[in-house]
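Heads up, the next two complexes both have chain A, just with different partners, chain B and then chain C.
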Partner chain A sequence: MDEFFIIVIRGIGIGAVYSLVAISFNVVYQSSGILNFAQGHMLILGGVFGSMFLPPDAGVLTWLALLIAAGLSIALLMVVQGYITLLPLKSSVEQHSWLITTLAVSVIISALILITKGPFALVVRDPFPPFRAFGIETPAAYAIAPILAIAACLGLGWFHRHTLTGLAMSAISQDLEAARAAGIRVRRLQILSFAISGLIVGAAGFGVGAILSISPSSPINYVLNGFVAAVIGGIGSNAGALVGGAMVGVLSMWAAYNVGGEYQNAVSLALLVVILMARPQGLFGRVLARQV
Partner chain B sequence: MMVANQAGASQPFRETSSRGLFGRASETRLGALLIIASIVVPVLFGSSYWLHILLLVNLYVVVAICQNLLLADAGQVSFGQGAVFGVAAYTVGIVSGLNGYPLGLGLVAGLAAGIVLGLLFALPALRVKGFYLGFVTIAAATVMPEMLNAFSEVTNGINGIGLRVRWLRQPWILGVSPLALAIMTLSLGTLFAHNFLRRTAVGRLMRVAASSPETALTLGYRPGVVRSLAFLIAAAGTSLAGVLYGPLLGFLSPDAFHFDLSIFFFFAVIVGGSGRLMGPLVGTAILYLVPNVLLVDLVEYRLVGYGVTALLIMLLFPDGVVGTIAKRIRLRSASTKRAVLSSQPLLAMRAGQELIRQVPENGLAVKVCGARRRYGQVLALDGVNLEVGRNTIHGLVGPNGSGKTTLLNILSGLSRLDGGTISVFGTKAGTLSASDIAKLGVSRTFQTPRIFEDLTVWENLQLGLDANRGPKNPALIAACEAIGRPLADRRPDELPHAQRRMLELLRCIATGPRLLFLDEPAAGLSGEERGRFAELLRRLRDELDLTVVLVEHDLALVWKLADEITVLDAGRVVESGSPDKVVGNPTVQKLFWGERDA
Partner chain C sequence: MTGSDKHCRGSFARLDLPGLCRRAVLFVGGTLLAAWLMPAQASAEPIKIGMLAPLSGPGAQIGESAQVGVEYATKVINEAGGIGGRAIQLVIGDSQANPTAGVSEVRRLIDHEQVDLVIGPTYSQVTLAVMPLLIDADIASINVSGTDLLTPEAAPYSFSMLVNSRVQAELMVRDAKERLKASSVAILSDSGAQAKTAVVEIRNAVASSGMTVTGTQEYQYGASDMTPQLLDLRRGNPDALILFASTGDDTGHVLKGLREIGWKIGVSGSYGVALAGPGIAIAGKEAYENVAGINYRSWTSCSNGSPDPKMAAFIEGVREFRPAAAVRLPFNYVSLWYDGVFLLRQAVEANEGSTDGATLAKWIEQNSSSFDGINPGLSASADTHFLIGSANLAMVHPAETGEGGVQKRVDCE
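What follows is the complex of A and B.
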C-alpha cells in the first residue's frame, strides 16, 4: 500500500513538473505555432541557477526572491532565444526553421552545461522540511511543483481573460493574420510569450530543483515528458496539461518502481505513439492535430 | 503562337536550372566523383588512417542522404535516424558477434531490425505530421541507447561487442578491400537512388504531399501513406549503412549511438544544404572532419560547435553550403526569356485522332440535396440543391461569401457537410475521403493555384499524368507531352503569372478526369487568353465528354460558356437553369446588375 501512495504522490509531484513544461510549451505555441525544443533546457537552467545561488541557510523570503530572480533570468534568456527563432521567419519561406534553431539552442545549452559544470548531476537543496502524507515522508518539492503548476495555469487564465495584452495574445492564437490586420503588434507579443514561458520554466526549475535531475543529458527527458503531457491534454490547453502531466508522472513513476528506472522514457514514448495513433487532438484538445 | 511541333524548336533554352554546373545530373556526377576519390585516393597512398575515417564518413553520408530525402523531399522532420542506424548496427553485433551466427544472417537481421524501428516512425506519420513526428523520433533516439543498457544480457551492456571480420578488410580487387568496396557501392548507390527517385512518380508525389497535402488528396493519394513510405525508405537506406558500421569499426559500444548521433545526421543535411543532392556529402564532411580531425584537441567543444554552426547557417545561409553556391550560380546564368505554356496541342486534338470517348452515360454527374454547412455562427450553405448533368459546363456564380468555394470543397471531399447529401456519378460521396472522390474521376483547381516551385513545369504537369488512373487516352497523353516536354527544364517561376493557373488546369486535365471543378480559373487572364480558355473548356466537353463545374466572377464568360447556371447568395440557391432563364430572374438581376429598373 505504501508503494501505491509513493507512486501516486511522487508521480503527481513529478508530473506537475511535466505540466509546467507543457504549459510553457503552450504559451509559445499559442502565439507563434512554435514548439520550443529547448524548453526542458530552460527548466534545467533554472535548476542550475538554484545550485549556484541558493545559500544553504536560505529562509523563505530569500527563497522567494531567488525564485523570482530565476524566473526573470530565464525569461530574459528566452527573449533572446525568441528573437533568434523568429528572425528567419520574417522573410524566409522556410517554415521549419524553428525546428532547427530551437534544437540548435538546446544542443548548445546542453554542451555549455557539460563544459562548465561537468557531466554529473548538480544538487539543489530543498529549503523546506519534508511533509508527511498517508504516513510517507515526502520532500517538500513534490508539493511545491503542483502548487506552481496550478498557479501558472490560473495566472495564465486570468492574464488571457482580463488584461489587454492577454486578450491580444488570445487573438493571435486564433487568427494571426486577422490580429495583425487589427493592428496588434504580433512580433512583440510573440517575444513576450517567450518571456512568459521562460518565467514559468525558470521559476519551476529553481523551485523544484531538489527533485530534478540537473545534468547536461537530463533536459531532453523533461522536453519529452512535457511534450507527451501537452499532447495528452491537447496542445494549447493548460488545464489539459495539468491532467496530462499527472498521468505521465504517475505512469512513469509506476514504471520506475515496477519495471525499472531505465524504462521511464520508453513508457512515455509508447504512450505518445498510442495517443497520436488513437486521438491526435488529445483528451481535451480544441485545436485538431493537423492530419492532412 | 506556339504550336505542337515547336517541341524541337525550343531545344535551345534547355540549359538553365536543371542543367549547368549545379543541375541535378551534374551534381550527382560530381558527388559520385567525390565518393570514389574519397576511397580510392587513400588506398593509392596506402593511408589506412584516412581510409578508415573516410569510410566512416561515407557510411554517415548514406544516412544523411536518407535524412535529406526525408526532410527535403517528403517534408518530414526526423531527429531519430541515429537510432535506426544504431539498432541495425547492434543487431548485426548481437547476431554475428555475440552469438556467432554467419555474418550474412547478421546483416539481414540488422536490416530488418532497422526497418522495424522505421515502422515505429512510419505509423504515427499516417495520422500526424510536423513537430509531432519530430518528438516521436527524438523520444526514440533518447530511448534507444537506454534500451541497449536495459537489456544488457542481450547486448553485453557497456562492455560493448567486438566484431572482427578479417576477410572483409583484406585487400581484394586492386588493393581495395571488400568492405571498402561495399561501402563505396552503397554510398554511390544511395546518391544515384536519390537522384533517380526524384525523377519518378513516387518522388514527385512525395514533394507534393509535403508542400500541399490537399493537392495530393485531390490527385487521389493519401498524404499519410506517402509520409509513412518516406520514413520506410529512409529507414531501409539508413539500416543498410548501419549494418556495415560494426564490421568497419570492429567494435560496438552503446555510447556511439547517443542522441548526439541523430543530431549530427540532421545538422549535416542543414549545413550541406537541405534538398541539394550533394548537400549531405558536403555537410557530413564538414561536420565530421573539422571537429574530429582538425580540432581533435577541442573535442569537448564539438557539440557547441554543431549547435552554433547549425544556428548560424539557419540565420545567415538558410540554403546551406551547396544551396548557397548553387543559388549564386543559378542567379548569374538564369535565362531572362519567359517560358510559354501553350494549350494548342490540346485544342488541336480531334475526334479523328482515335480518341477513346468515355462511354456515354445517362444521369447526373453531381447531385446535391439540402446541403448545409456551418462555420461558427455563419451558415455557409443553407439547404443547397444542385444538379449537374453529365457532359455539360455548369456555371456557379454569386457574390463573395455566397458559398461557392465551400460547395466545391465539400464536393471534392476537402470539407464535410453538416446536413444533406451529395452524390458524384451516382455514388454517395458525403463520407468519402478526398482521395477516394478523386478516384471517381474528379479533379479540381484552387483559387490560388497549387504550383510546385521546386519541380519543373513539365514535372508539375507529369503529376497529373502520374495520377491518370482510368483507361488511358493516348491522344490526351500525347497532347500533354507536346505541351510539357519543351518546358522540361523551365521552372514555374519563369512562367507569366496567369499561366500558372493554366498549368494547374492542364495538370487537372492530364489526370484524365470525368468531372472537373474549377475555382475562378479565368482570374488574371487577358481577353485573348479568356477566349482560348473558353475554347479549351468547350473542347473538353465535346471531345473528351467532360463535365465541368465552374466557379467564376467573370459573368460574361460564364454566360457565354455555360450550359446551365446556378446562382448562390448567402448559402442559398437563388436560381438555377439555362443562362436565359437565370438572367430573366429579377432577384438575379438585382444581385448582379443592381436595381437599375427600379
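What follows is the complex of A and C.
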C-alpha cells in the first residue's frame, strides 16, 4: 500500500513539472495562437542556470533570489525568441512559420548546451533537505514542483482578472482583431506573454532542477509530456494543465510500477487518445462557436 | 653524322644543350619523371575513413569520446606517414543515436563522400540499421556495438570493439553468484537494442547458473526517476540486482533511486555501470559501495596504481590533443575507437593497400590476436566478429578509479 502512495507523491511531483510546461504553453498560445515547442528547452535552461550559479551552501534567501533571477533571465531570452518568432507574422494565426522558428530555437539551445556544458547530465543541488514519506526519502523538489505549479496557476488567474494588462491579454485570446481595433497594442502584449511564459518555466527549471534530467537531449521528454498535459487539460486552461500534468505524472509512474517501464510513455499517450475521443476539447477546454 | 648531331653529342659532354637536342632530352626526362611520379601521386591519394557516432542527441557523451579517439588516431597515423603512405582523410557523420539519422548519414558517407572504410557506429539499433548499406558497398568497418545479432553472417565485413551482450551477461551473473552470494536476481536495463538482447542473455545465464530471476524492468534512456521500476523489483525480494546500463548518468540515477527507497542491495553491472564519473556526480561515491561493473582488463589493476607506459603515453597524448574534453572523457572508451582505426590500418597495410571489405574481414578474422594496441590480444574469428572476448574483461569497483580511469578489479580481494 505504501508503494501506491509513493507513486502518487512522485507522480504528482513530476506531473507538476509537466503542468508548469503546459501552463507556459497556454500563456503564449492564448495571446498568439503559437505553441512554443522550445518550452522544454527553456525549462532545462533554468536547470542549467541552477547548476552554474547555485552555491553548495545556499540558504533559502539565496535560493529565492536565484529563483527569481533564473525566471527573469529566461523571460528575457523568451522576449528575444518571441520577437523573432512574431516578426514575420502580421498576425500569428495567418501563417505557421512559428512552427519552424520554435523548433529551430529548441535545436539551437540543445546545441549550445552541448557545446558549452558537454554531453553529460548536469547536477543541480537541492538546498532543502529531503522529506520522508511512506518510509522513503523524497527530494524536496517533489514538493516544490506542485507549489510552483499552483502558484503559477493562481498568479495567472489573478493577473488576468485584476490587472488592465491581464484583461487586455484575455481580450486578445478571445478576439485578436477586435482587441486590435479597440486600440490594444497586440504585438507588445504577445511579447509580454512570451516573457511571462519564460518566467514560469525558467523559475520551474531552477526550482526543481534536482529532479530533472538536465542534458542537451532531455528537453524533448518534458516538452512532449507538457504538451500531452496541456491537451488533456484543454489547451488554454491552466486549471486543466494542473490536472492534466498530475494525471500524466501519476499514470506513467503507475504504469512503470505495475505494467513495466517500457509502457510508461505508451500509457500516457493512450490516456490522451481516450480523453480526446471522449472530450476533444480536453477536460477543462471550452467548446467555441465557429462562424461558417 | 650531321653537324647538328655532332653538336648535340658535344653538348652532352658539356651538359650544354641547345636547340633540338635540349628539347629531346627535356621530353625524355620529363616523360621519365612523369612516369615516376604517376604511381607516387596515385598512392598519395588519401584513404577516406568515415566516422559515424552520436555527436548530438541522447548519445552525445559517447559520441564525444568516439570523435576524440578517432581524430587522435588519425593525427598519430598521419604524422607517422599514413596508411601505406596514404594520409587518412576523416569524414564525420552524426548518427544522433537514431537509426533513421544513422542510415541517412551512412548513405552520405558512401554515395557522396565515397569513403573507403568506416569506423562506427555505436548503439546497436543504429549499427543494425546501417549494416545492409555497408555490406552492399563492400566496406569494412569497426563498430562499437554489443548486440549478439551482429553475427559474421549478419555483418560479414564489420567487427565490434565493444563487449557483446552474451559475454557481459556471463560476467555479471558470475559476479552476482560469487561476490554477492546470490541465489536470486532482479534485472533492470535501459531501453536500447543491446539491452534487449542482453536481458535475454542474462536470463539464459541465470538459468544455467541455477539462480532464479525474480523480476525484470526497463527504463528510458536519460530518465531521472527509476523509483517505480525499483519498487516493483523490490517486491520480488531478490538477493542481487543485475543492472544493464549504457551510460554513467543512467547508473547514477538508478543508484540514487536505490538510496532514496532505502534498498540496500548488491549490484552487478554492465560496462556502462563502470563509467562512474557522471554517476558519482549524481548519486555520490558512497552509492557505489556495493556495486561492480565491467571494464576492459587492460584498464584494470589490483593496486589502483599507474597505468603501463604505453597506456600512460596514450592518456598523455589525448590530454594534449583535446585538453578541455580530456577532463571528462572515459579513456578506456576513447581507446576502443583509437584502436579501431589502428586495426583498420594494420589490415589495409597487410593487404598491400586493398580496402576491399571481404579481404580485410578475412585478414582480421585470422590475425586480430596479434594486434598490439592499447587493448591488445583481440579475439575475432570466423565464428565471431566481436574483437573483445571474456579474457579481455574484468569486473571492477567503478568508484575506485586511479590515473586515467584505471579501475580496481573485484578479483583482487
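Everything below uses one rule, namely that the second predicted complex is superposed on the first by the 258 of 292 C-alpha atoms of A that agree within 3 Å, B and C clash if a C-alpha of one lies under 4 Å from a C-alpha of the other, contacts with A are read in each partner's own complex, and residues count from 1 in each chain.
Following the convention adopted for this analysis, a contact is a pair of C-beta atoms (placed from the backbone, for glycine too) under 8 Å apart; a residue touches a chain by one contact, two chains touch by 3 or more.
Remember, predicted model here, so these are calculated numbers, not experimental data.
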(request) Check whether A:277 is in contact with chain B, with chain C, with both or with neither, and answer first, second, both or neither. (result) first
(message) A:221 in the overlay: touching chain B, chain C, both, or neither? Say first, second, both or neither.
(response) both
(request) Go through the superposed model and pick first if A:35 touches only chain B, second if only chain C, both, or neither. (result) first
(message) Just checking: does A:114 make contact with chain B only, chain C only, both, or neither of them? Give me first, second, both or neither.
(response) both
(message) Touch test for A:260: chain B only (first), chain C only (second), both, or neither?
(response) both
(request) Check the residue A:155 against both partner chains and state whether it touches chain B (first), chain C (second), both, or neither. (result) neither
(request) Would you check which partner chain A:99 touches, where first means chain B only, second means chain C only, and both and neither mean what they say? (result) first
(message) Tell me the contact category for A:130 with respect to chain B and chain C: first, second, both or neither.
(response) second
(message) If I apply the document's touch criterion, which positions on chain A are contacted by chain B in one structure and by chain C in the other?
(response) 110-111, 114, 221, 260, 262, 265
(request) Would you tell me which residues of chain B are touching chain A in their complex? (result) 75, 77, 79, 120, 123-124, 126-132, 134-136, 138-140, 142-143, 146-147, 149-150, 213-214, 217, 223-224, 259, 263, 266-267, 270, 300-301, 303-304, 306-308, 310-311, 314-315, 318
(request) Give every residue of chain A touching chain C within the complex, in rising order. (result) 3, 6-7, 10, 14, 110-111, 114, 118-121, 123, 130, 135-139, 211-213, 215-218, 221, 253-254, 256-258, 260-262, 264-265
(message) With touch defined as at the start, can you tell me which chain C residues reach chain A in the complex?
(response) 56-58, 60-64, 191, 217-220, 222-229, 231-232, 235, 248-249, 252-253, 259-262, 277-278, 281-282, 325, 328
(request) Sort out for me which residues of chain A touch chain B in the complex. (result) 35, 37, 84, 87-88, 92, 94, 96-97, 99-101, 103-108, 110-112, 114-115, 220-221, 223-224, 227-228, 231, 260, 262-263, 265-266, 268-269, 272-273, 276-277, 280, 289-292
